[in-house]
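Chain naming follows the written order as A, B, C and D, and within any one chain the residues start at number 1.
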Amino acid sequence: MTKPILMAFCALAAATTFARAQGERQRDPAKTEVWKPVPVTVATPKDAAPSDAVVLFDGTDLSAWEAEQGGNARWTVADGAFTVVPGSKGIRTKKRFCDIQLHIEWRSPAKTQGFDGQNRGNSGIFLQELYELQVLDSYGNPTYSNGQAASIYKQAIPLVNASRAPGEWQEYDVIWKAPRFSEGGGLASPARITVLHNGVLVQDGTIVSGKTEYIGAPSYSPHGCAPIYLQDHDSKVSFRNVWVREL
Amino acid sequence: MTKPILMAFCALAAATTFARAQGERQRDPAKTEVWKPVPVTVATPKDAAPSDAVVLFDGTDLSAWEAEQGGNARWTVADGAFTVVPGSKGIRTKKRFCDIQLHIEWRSPAKTQGFDGQNRGNSGIFLQELYELQVLDSYGNPTYSNGQAASIYKQAIPLVNASRAPGEWQEYDVIWKAPRFSEGGGLASPARITVLHNGVLVQDGTIVSGKTEYIGAPSYSPHGCAPIYLQDHDSKVSFRNVWVREL
Amino acid sequence: MTKPILMAFCALAAATTFARAQGERQRDPAKTEVWKPVPVTVATPKDAAPSDAVVLFDGTDLSAWEAEQGGNARWTVADGAFTVVPGSKGIRTKKRFCDIQLHIEWRSPAKTQGFDGQNRGNSGIFLQELYELQVLDSYGNPTYSNGQAASIYKQAIPLVNASRAPGEWQEYDVIWKAPRFSEGGGLASPARITVLHNGVLVQDGTIVSGKTEYIGAPSYSPHGCAPIYLQDHDSKVSFRNVWVREL
Amino acid sequence: MTKPILMAFCALAAATTFARAQGERQRDPAKTEVWKPVPVTVATPKDAAPSDAVVLFDGTDLSAWEAEQGGNARWTVADGAFTVVPGSKGIRTKKRFCDIQLHIEWRSPAKTQGFDGQNRGNSGIFLQELYELQVLDSYGNPTYSNGQAASIYKQAIPLVNASRAPGEWQEYDVIWKAPRFSEGGGLASPARITVLHNGVLVQDGTIVSGKTEYIGAPSYSPHGCAPIYLQDHDSKVSFRNVWVREL
């Protein structure tokens, strides 16, 4: 007798239909599509700043910078780069920044004779004027590890030494998270920094212990957004293609 | 006629069987049961230390402690508690600790006349000898917020003031995570502290900025496990029921 | 001739004076005192809820709760405690919560004969209705480790088994951080939970992987603040002294 | 008479000398120099893989890869790039990875006519075979935000849309932190991902919620190191300059 089988099919079909209806609700891939917000479009031309960047040096002038002691930045500009004038003191951006992505290219002098350790191609990029990402010619130039290129000066040794030879352009791509302070002035979260040096990860969400100190231990004091400062350390270090994206 | 209903049941049963076969693979609750490891059993008698605790004071003597200046701890023991002897200096545990759960009860002197602010019922619990959880009579006794009871001294204000009156016993339940340092001496992760004061959350995974400083900003220097230190701050503060569980 | 020496001394003295003046500025302990904000005062009576708590059960009635299926909570109230009525389904708070400190006391039935594993003294505290902190008689009652008392059910084994005997009151002190979701519905930060079981740390900032599942892997879907839900799992588990502080 | 004054000066000078001696100890910059460990040197030639990288494609062959279904990877290699063969299924690395820095360049087909949304230039980079960083032609090609280029598919929208036009080479620089699981199988820490798309930060330490799902919510199950998998999604997407550095 075929009837029971037919009916069984009927019932099965019914059960299947029910399951499918339920399944369609649970298994609809559209349910996990999120259409809003739509990320802002940013143009990313090869070898140029992204369209949403604050360009801090476009190859022509230092109008985005001022001298450490006030007044115009007096470093030299030539051939699409700018260069430290030893003795002129550091320069800082007119604009203040907190969390940023920073791209900066730098070159230490090709002539290294007579200069060693911390005296060879030394400069520094101070985030928020206080926290130094070291610039140094660390190509076959021994110094203390927490003072070599791409160190957080006297705080954090880079994961590897990704330095290129003196006279060659090098790149830092930096993700900087400013420290946060509580209403009472306590440290709510320390600064953190990630750095690619010539495309290689050298600082990986490194915790910054406090403001950079030449002598003694780093510590924090509450502050707000602040300029990026470049150091005059008596070496004719050059910079180019400097831009920042505020995060 | 009952037959169709019966047959429908048959069909349903068939569908169910198929679904169950598939379901048994995907839907077996036993698949997410984890039987190993089996947590160690800890006895938790009411008003006594857990069975796995290092008891630092059981009401009778200070044998787990030594004087700050060396030698036996010279604070007084009476009535199941021990009390600061002003001028005798602090005491510290003979044992060293890193990450811990700490339970400690304390009582500031009932007599407060003539003592105000930081002079009223002042002591301190220094984790790893460096990081102070403040002990102070903060019951209607104004002082700077980052120096009141349950503050991380001069670093972090407690979320609320959960203080009891002077002369009453109070409790701190502390979860302490020691700072970590990288091979190069940098700060890999800062210390963190959670504190319940009389059962109320007052420090909530607070980041400690460095060692406690009376003057100036806190900073970190690499160190290992270290004693718990109790401060003599010229107040006859008492303690009892002190135990630690190493995490 | 002594004059030059004298003048040198004069100069030194002047320099010293200047340095001291500067030092007094730098070394003033008042500089690191923070007087604002002043933490709110919370009364913390022994064995009672803190004055700023939302009391969810004060020993008399279940007015802060409703039945899972709607309507009044139908669990029984007696002797300052309330007890699951097996078969009546769970109950949930009328109020919704996000980040909280929760204190809750519970007691599994003294009579355990005939009940084993997950059938002995089983209930559960679901934070935000989704994330279960297990309640179970785990006193000499083997079950899967990620399903015993103080586990995050099928996600996280407690650090130790701090269970008291059936029929005895037990305590959970919980710090709950709700999960955060990004505007696009992604997980910005997972929920985290810290639990003291009878005063002993058993969950230590544990990351919650998603909503509790009996079968299959936990996952997150965006949601907001939500009630605390207590489970009816066919065991006459009792509760008392239930309070919440919103963080 | 000048003598007393002179003696006062002498005393002052002595005190100064003492302070200076002490200061020299405390203020020695060498004390915060760390010379060990010395970071490994990594050569970073312009437009080539770092010297310590595992090169997964050097322009010539797919020997580092195998077909999803086993056997040799059957995608085509030409002009220093390799290209999806639609219908051939995905390919995965023979080597397994956990925490990595990944550099990969990709190009979606220049011809876009007739292809829209998820059908235009679709592929995907699955870290540890489970977690998809989306590859899609998102240049003026609307789709759901959590499914566009540089999204963590159906989990995390990129911060910005940094896409270049179809037919142009694009770059992903990825920092991938594998999820960690506890001994009991719970999630100890979720996976995290940072991505630069054409040099622009698009994922910033994003928490990954679980394995990528087309339907339903992502969840975690314990696993170890695993291959990188590239998806065949019926689009002739090309790849080149693929390398990994193990972190």
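Criterion: a residue touches a chain if its C-beta (ideal position, glycine included) is under 8 Å from a C-beta of that chain, and two chains touch if they have at least 3 such contacts.
The structure presented is a predicted model; accordingly, all values stated were derived computationally and were not measured.
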A-B or B-D - the one linked by more C-beta pairs in contact: A-B
Relative orientation of copies subunit A and subunit D, as a Cα rotation angle in degrees, nearest 5: 180
CA centroid of subunit B to CA centroid of subunit C, Å: 14
Inter-centroid spacing, subunit B versus subunit A (mean Cα positions, whole Å): 37
Subunit B residues counted as touching two or more neighbouring chains: 34, 36-37, 145-146, 157, 183-185, 216-217
Chain contact graph, described as a line, ring, star, complete graph or other shape: complete
Footprint of subunit B on subunit D - complex, ascending: 34, 36-37, 183-186
In the complex, subunit D residues that touch subunit C: 2, 6, 9-10, 12-13, 15-16, 145-146, 152, 155-157, 182, 184-190, 206-207, 209-210, 216-221
Contact footprint of subunit C on subunit B as seen in their complex: 26-29, 31-42, 44, 50, 52, 101, 103, 142, 144-148, 154, 157-164, 173, 175, 194, 196-201, 204-205, 213-217, 245, 247
